[in-house]
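Shown below is the structure under consideration.
The first chain written gets the first letter, and so on, giving A, B, C, D, E and F; residue counts start at 1 in each chain.
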């Protein structure tokens, strides 16, 4: 099985790091290819960044489709262009936000999200409503650091993330925490060990969901809304 | 006052026709400029088309911003790139779907939507939830004709639209009908006269809402979520 | 175009002040007539006051109808007798609460309301649900001063309002603030300037929405729920 | 214990008939007094009728309060002026729509409502949302006959009601039916016997809920929203 | 009339105390029988305890049915096995949580719940959604004491409950408080007197609702979901 | 990895058949053990059956825990005792209804459920709300055949299921179908091939989700609601 991890931004360190995380949780028989667009935005921190990133995401979906990958992950917490990608793709497509929400809701009655900048909280909130997890999420928290600081000032970012996760654990009445940025993927293990509560990384969750769908022989429905885009 | 009507698809007849509709309902002191991207999709009939159109929409928003327009209309019923556009713009930005929903809910307790292809119904449904009109919309109906047929086979499309609006009036327990495509703008008057029930065209509604915000001296909030996109 | 501003309480200063505000934002071609009932309650601060005020509101609607006004504003933040007024009227009728909610939601993802007494918060909350804005409103705040203090002790009331709006801006994660009382209309400009965030006054919003509907040739639907009251 | 049944319309036959129904289900120790306003509307079939009836309802509440009744029933299915009445009253006040919804939801997972005119369906729908029963109600049906026909053409009305209840039983996937008009109270027994499914009459339900509250020593809270109306 | 109070746990003091409370509020003509299973859990403080208690509850329902009781109360705040009991029983069955919610919502626009352990809050929350009271409940609070402490260390528990109810009254914007455990029944009167706000005990509420249904001649619907369990 | 499939009813054919289905989709490294209680109900077709089955489910969970299984599936579409099982277990526990909903929502915007008897529809509906999938499910359909007919009269049941799935595909505006009974597991492949639309079997889905959680190193949170049951 071959899974394509699409980092919608152009930050190669993040592409690499998410690819590593994906490989770590994947089955031995699963081949991971992590890619990012050659042009686009360096990080995704708002609606504009998301909209701009969509073109790159869709081109990479097309490219993965030609390579006959068995699943695509859109590895940005806003799940940009997810519905569009499902129209285009043959294989299943999963966003890391939805993946994390699904997995978190299987192990806890409630979870909190810890994301980067305050301005991205509205994106997470919209996704919770879209997917139906609004009653499962107790709180959306942020560390008030830009996405790229997760790569460029990792220690500082890790400390900020740890503190906020600790607050979530103590104050929110939750059982699990969802990390609200693909760039946090490589911190999931350390935080889990320190806090002793399930911490959900969306990249890992998406890989496992794709492996699951693959094992069931299920792919994106082409009956109805997700049919291939209409020719004009 | 200067309002930019952005047709997110590349169909010039539609750009022209929506511009005319806008001018017709605008105040004498309002100048309408209707534009469309030079590249993109000929019509928007799904999530993929929407995602692709976003780049063109945002470039046109930037262009309108340089021309100091006082308001932007995104004239496609899926309101593509609306949140992104609000981040970029100085002036208010309004989508024709939201505009129609707002206006319809001021004159009727419930409305139905009549759109083009069945596959676009999910887009309208998502918008109703996003904006909070899900309890005001009784039914989303479609005429099962592609968007471009509204231009290319107008008589046929008009008849199909009329029939479906008549059904909505008789069966849905509603007080108003929202036309679910910018390409239907020029049919609103004829259908209103035949059915004797408020028919809401989103292009007209968006223009009047922009004039209203302008008169109040209100523009998109730059405090919070709609702040200008972050520099990286 | 002629718009009737109905102040549902008997406080003439408020009638006058809201009329002035309305004229200020109205088009030069719009004529404003602000009226209030000769009998009723001096201010509206609960469900009882609202119910009592309904009779006066409906008489004034009838009176405006005889004068062939082109739109009615119910200028009390509880939108008393709004549905009833729509049954009676020929022209569109808009409440200042709904008007403010609609306009605020066009320029911000979330807003807070600042109203007068704590006991009126439930009225605002009920309206948010009725209209579908419950997910757009972050917080309903109050200044704990009676409505009439806005006229009788204006400086004190202004300070209290300013403080609460400042708190809303800092703490609520919002992009706009809705003023929760018609009596605050004349403070909107000063607060806007001090806080640099969109502050929405419902009287202004209602006037502009009526002008918009008028420009679209749309009036209250007489098909269905808002048909004229049945003769017995 | 003394319960005041307030018929908000001026139809004395209905006042009498609802009083009889109330007495029939009341405890032997409960004294029923059924009253109606001397002026107002002959029947309540829309928002306007409701708004107009509110004054009479509130006067009768005041009158009942002077007589130290132990509970008030607002015996019109729109529960007009309910919140206002609770502010004014010392004793508990219950509307017949809410009463019926509460009781129906104790004996069935879902119920349907059968009301009079189609235009009153929106009132029932609003109440379902206000009270939180929207997921319990499968359908709102109507017999398309005016309220007064229940008195003036009883046989015809009874047949129409029976047919519609039968349809509700067969088609709606429900376990109980709520009669959507106080004027249907005296038909509840006959329909129950014919259909063999719980049929809920709001007048009876309200009386029993008042007796229940009385037995618990609970009355309307004067802490918060339902405090007595503010003096100006 | 004969009402069976089923204490789903095996704590006899609680069975006795709830029986006394029930008798106190019941009509003179109502006979109360309070029972508890011979085997099961000593107290119910989570989902596991609830699931285990269900068998005992259903056996007691069967036993009550053989004795031709006229109503059953499931006297644990999680309403365990309520739907199952309704399938089995001839007479109506009421849970004390639902009973309390219904009664509280008749006398206040909002209520708070004060329960025992934090881990039971999710059970109350699920019930609020199931029954449709999620918008009526402002807050779910807990005293962080196990259920049995209500019997074994009554003074301490009473103080903790009083403090939390006082906080609810001051901070939650509510008009009534629901006691979130059957074991608190005998404290309702003292707390009511001290706080001067309606305090709702579910046992009392359930008894009065059963008396009400009995007076109306209404029992659990056997049409549809609550039909007797299928024979295999 | 070792997964325990718990059939909550005592029908051994079903236990066997679900075990086979599970093994078919499981990884080669996953060992499946399918079990059912020695006592209980032959099939689960209502709330009573569910409540009774809970004891057996929890005993089997305990037994699986002693055997150090890595995951438990509750293989009945009502997900009986799911929350209770999570309190007891060390390993993750997944119900087949939730599993099917999660997987279906990854490949289609909407799905329909096809279940057995009409009386079980309310159980599915409650789960949709509990889990947050109520906006994703277009319709709950049933074939009006008892659960055991799936084993005893397989051809007839298959035809009925096929017909209803076909109707769902044509009429419901969906992209996927969820099979609403564990006993339908072995029909999923045939129906998929005939209808050419994703058909989701909950047993398969649950197995793959457990494998996914296992691969992520995530298990049920013991922080908060799902902590081990309290000792008394």
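Criterion: a residue touches a chain if its C-beta (ideal position, glycine included) is under 8 Å from a C-beta of that chain, and two chains touch if they have at least 3 such contacts.
Molecules present, by chain and UniProt name: A, B, C, D, E, F = Hydantoin racemase.
Predicted model, so just to flag it, every value in this text is computed and none were measured.
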For subunit B and subunit C, chains touching each: A, D
Duplicate of the E-F contact set - from C-D, B-C or B-D, the pair where over half of the pairs recur: C-D
Label of the chain whose CA centroid is most distant from the centroid of subunit A: D
Length of the line joining the C-alpha centres of subunit A and subunit D, rounded to whole Å: 52
Whole-Å gap between the CA centroids of subunit A and subunit E: 43
Subunit D and subunit E, separation of their C-alpha mean positions in angstrom: 27
Touching two or more other chains - residue numbers and ranges from subunit C: 83, 86, 109-110, 122, 129, 135, 173, 224-225
Contacting chain pairs - touch in the sense defined above: A-B, A-C, A-E, A-F, B-C, B-D, B-F, C-D, C-E, D-E, D-F, E-F
Subunit B residues within the subunit C interface of the complex: 25-27, 83, 86, 92, 94, 98, 102-103, 105-110, 131-136, 169, 173-176, 192, 196-198, 200-201, 204-205, 208-209, 211-213, 215-221, 223-226
Touching residues on subunit B, where the partner in the complex is subunit A: 41-43, 45-52, 54-55, 58, 81, 83-84, 86-88, 117-119, 122, 126, 129-130, 146, 148, 224-225, 227, 229-230, 232
Subunit B residues touching subunit F - in the complex, by the definition given at the top: 118, 121-122, 129
Of subunit A, residues touching subunit E in the complex: 109-110, 135, 173
